[in-house]
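I'd like to ask some things about the structure below.
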Amino acid sequence: MGEFLTGSACFVLAMVALGLVRILRGPADADRIMAPQLLGTGGIAVLLLLAAATGAPAVVDVALSLALLAAFASVAFVLAKGSPAPGKADEP
Amino acid sequence: MSLLRDLFTVLMVSAGGFCFLAGTAGLLRFPDALTRLHALTKADNLGLGLIVLGLIAQAPGPLGALKLVAVWLLAQLAGATATQVLARAVRAEGRDSP
Amino acid sequence: MSAALILDACLVLLVLAVAVWTIAARETFPAIAGFVSYGLLLAIVWVRLSSVDVALTEAAIGGGATGVLLLGAAARLTDRAGRRPAGIGLRIMAGALCLAITAALAFVILTLPDPAPTLAPQAVAGLPATGVGNPITAVLVAYRGIDTLLEKIVLLLAVIGVWCLTPDDSWGALPAPWGTARQDDAIVLLARLLAPVGVVVGVYIVWVGADDPGGAFQGGTILAAMWLLVMMAGLIAPLPATSRRLRRVLVAGPALFLAVAFAGFAMSGDFLSYPPAYAKWLIKLIEAALTLSIAAMVGVLVIGPAVRKR
Amino acid sequence: MSVFWSRAGCFLGLWIILDGLDVGGFVLGCATALTASRVSLRLLPGQGWRPRPIALALFGLRFLRQSVIAGADIAWRALSPGMPLRPGFVLYPTRLPEGHPRSVFRMLASLLPGSLPAGPEAQGRVPVHLLDTARPALAELADEEARFSHIFGVSQADTRASHG
């Protein structure tokens, strides 16, 4: 069972890697802001599979932290794209 | 009983892996950022759900299984929020740039 | 064993590829997207290296604070410094320096004896005296407590450094790192629902750190991320540098740590030595106070100083 | 007050799921649950929503089914050689009151098959991005909205009337 679960983790990681290549290539930033979302979902899946494969329950806590913060990076990216930069009023 | 349980895990985790495959295929093939966003969030969310379902059968106890469900629920909430926020940002950028 | 080997190979290739891509990216925003991805991948790498404590730190920091911190820095940089590219001489110097550091690190790692020298058996052997079950927490708060204490004081100095960047006429003003003009109600709903859940998860990560992977830094960073999320949603205002409450929380952890360290003279005859009977509870008390201080420190560092008023 | 205690109970449940049933941890768990409940009540005051438990469970099941359909729908479109896509926007006139009900519904709608609320709404019309404009998306969304408002006890008002 452990071998199968590790293999599945490997497969999901490979899929995430392919998707990440597409997303980071852009060309617009609209694609790149999806990177944290892709890695969030995929990373949680990989970590849960690894936790079950190696029987390490503490790894589930890593997945839990990642799930809790999964939307945080997306929100930060969107706010940074959408809002005017601080101090912009300084410039003449 | 153990065999049946393992079979269930293999089936569900494989189905989850297939969803990640489909999501990546969508990311690579779909024509614009908004359609790619559909592929990313919906297929990967289902993939994670199926993998969690498969792993619940291997969980050490009821609390371990519920913890997996908690992780999945948090990921769903994050996915549902990020999708909308990203969609809005993608549209805003599309309008700004010629 | 083979599946694990393939997984590790994939992971190494992916991490290297994303690292190179991040360095090669010419613009700030793609580079930050690459760096955040890199951080999330590192969490998986640490799990594969059986360092779950570090993986938790990486997930909490990389998933939370890093992105916001870098985006804020990028926004300030483009404003202040303009978009003037660095000269060729500076680039060659920076490249040479990076190369030298990489070569030195590689040399050290490749010349390590096999097996590498380790203090792990001693660390585990001393655990009963501390009363905690996680050797990493024991190292951080007991064996090498002085390092952790000084590290927190360095963080405090960093906070003071950030505050020093406030323009004179804005001292006491609210930092406003995010535009509040256009609020997305999806972000607001997320903050309302997620923040209380994050409080439970953050405290749990600290609590579980006594015996399993986790601890004050990881939990504190999660709490900081929740504080930042609620501020990003515009539900609460950031605290100004003059806020007494904020300052008290910032100082609480290091101050308690220092007080216990000096009390060590009276209780067991040395600086930073815990009497064995109370060691476990003293360590937990210090961790609790440190958690709040770390959450406040990370939050303040990410928000940055107040900018000039219009 | 009862809202406070029911939320604290939920957070204590989450603590037990995370930490297990351990005596020392339970005390801290109670304190944490009370703190989390206070934070929650400050961020999201009780709205007087009275979801019906059984209906809520059924809605959850239906929601699960929808998210399976949504994923399968994407998988089919992404993997079929012809890639059947007819992307486009529709404006969906929601009848839910502004504020939380509308936000929560939009969040659920973002997980429905083929549709994705995108962009700021204007006069109660939510722009929804569709993968396939040939689907009767407006009717499907209206159907979901009716179920949603029934289960959460939110009245669907005519938005034009409520503005007036």
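Think of it as A, B, C and D in the order they're written, each chain with its own count starting at 1.
As a working rule, contacts are C-beta pairs under 8 Å (C-beta built on N, C-alpha and C of every residue); 3 or more make two chains touch, one makes a residue touch a chain.
None of these values were measured; they are calculated from a predicted model.
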Is the C-beta contact count larger for A-C or for C-D?
A-C
What chain is the most remote from subunit B, judged by the mean position of CA atoms in each chain?
C
So which chain ends up in the middle if you average the CA atoms?
A
Averaged over CA atoms, how far is the centre of subunit A from the centre of subunit C? Could you give it in whole Å?
18
Once you find the CA centre of subunit C and the CA centre of subunit D, what distance in Å lies between them?
33
Computed distance of Cα centres, subunit D from subunit A, in Å
22
Between subunit C and subunit B, distance of the C-alpha-averaged centres to the nearest whole Å:
28
Numbers and ranges of subunit B residues touching at least 2 other chains:
23, 37, 41, 45, 47, 67, 70, 74, 77-79, 81, 83-85, 88, 90, 92
Per-residue multi-chain contacts in subunit D, two or more chains:
14, 18, 106-107
Two-or-more-chain contact residues of subunit C, please, as numbers and ranges.
184, 186-187, 189-190, 193-194, 197, 201, 208
What chain pairs are in touch here?
A-B, A-C, B-C, B-D, C-D
Give the list of subunit A residues in touch with subunit B in this complex.
1, 4-5, 8, 11-12, 15-16, 18-19, 22-23, 28-31, 33-34, 36-38, 40-42, 44-45, 48-49, 52, 57, 60, 63-64, 67-68, 70-71, 74-75, 77-78, 81-82
So, in the complex, the side of subunit C touching subunit A is made of residues 2-4, 6-7, 10-11, 14, 17-18, 21, 29-30, 33-34, 36-37, 40-41, 43-44, 47-48, 52, 55-56, 59-60, 63-64, 67-68, 71-72, 74-76, 78-80, 176-179, 181-182, 184, 187, 190, 194, 197-198, 201, 205, 208, 212-214, 218, 222, 225, 228-229, 232, 304, 307-308, 310
Spell out the residues on subunit D that touch subunit B in their complex, using ranges where they run on.
14, 16-18, 20, 67-68, 70-75, 77-79, 83, 85, 87, 106-108, 110-111, 113-114, 116-120, 127, 129, 131
Across the complex, what residues on subunit D touch subunit C?
7, 11, 14-15, 18-19, 25, 28, 32-33, 35-37, 39-40, 43-44, 100, 102-104, 106-107
Contact residues on subunit A for subunit C in the complex?
3-4, 6-7, 9-10, 13-14, 17, 20-21, 24, 26, 29, 32-33, 35-36, 39-40, 43, 46-47, 50, 56, 58-59, 61-62, 64-66, 68-73, 75-91
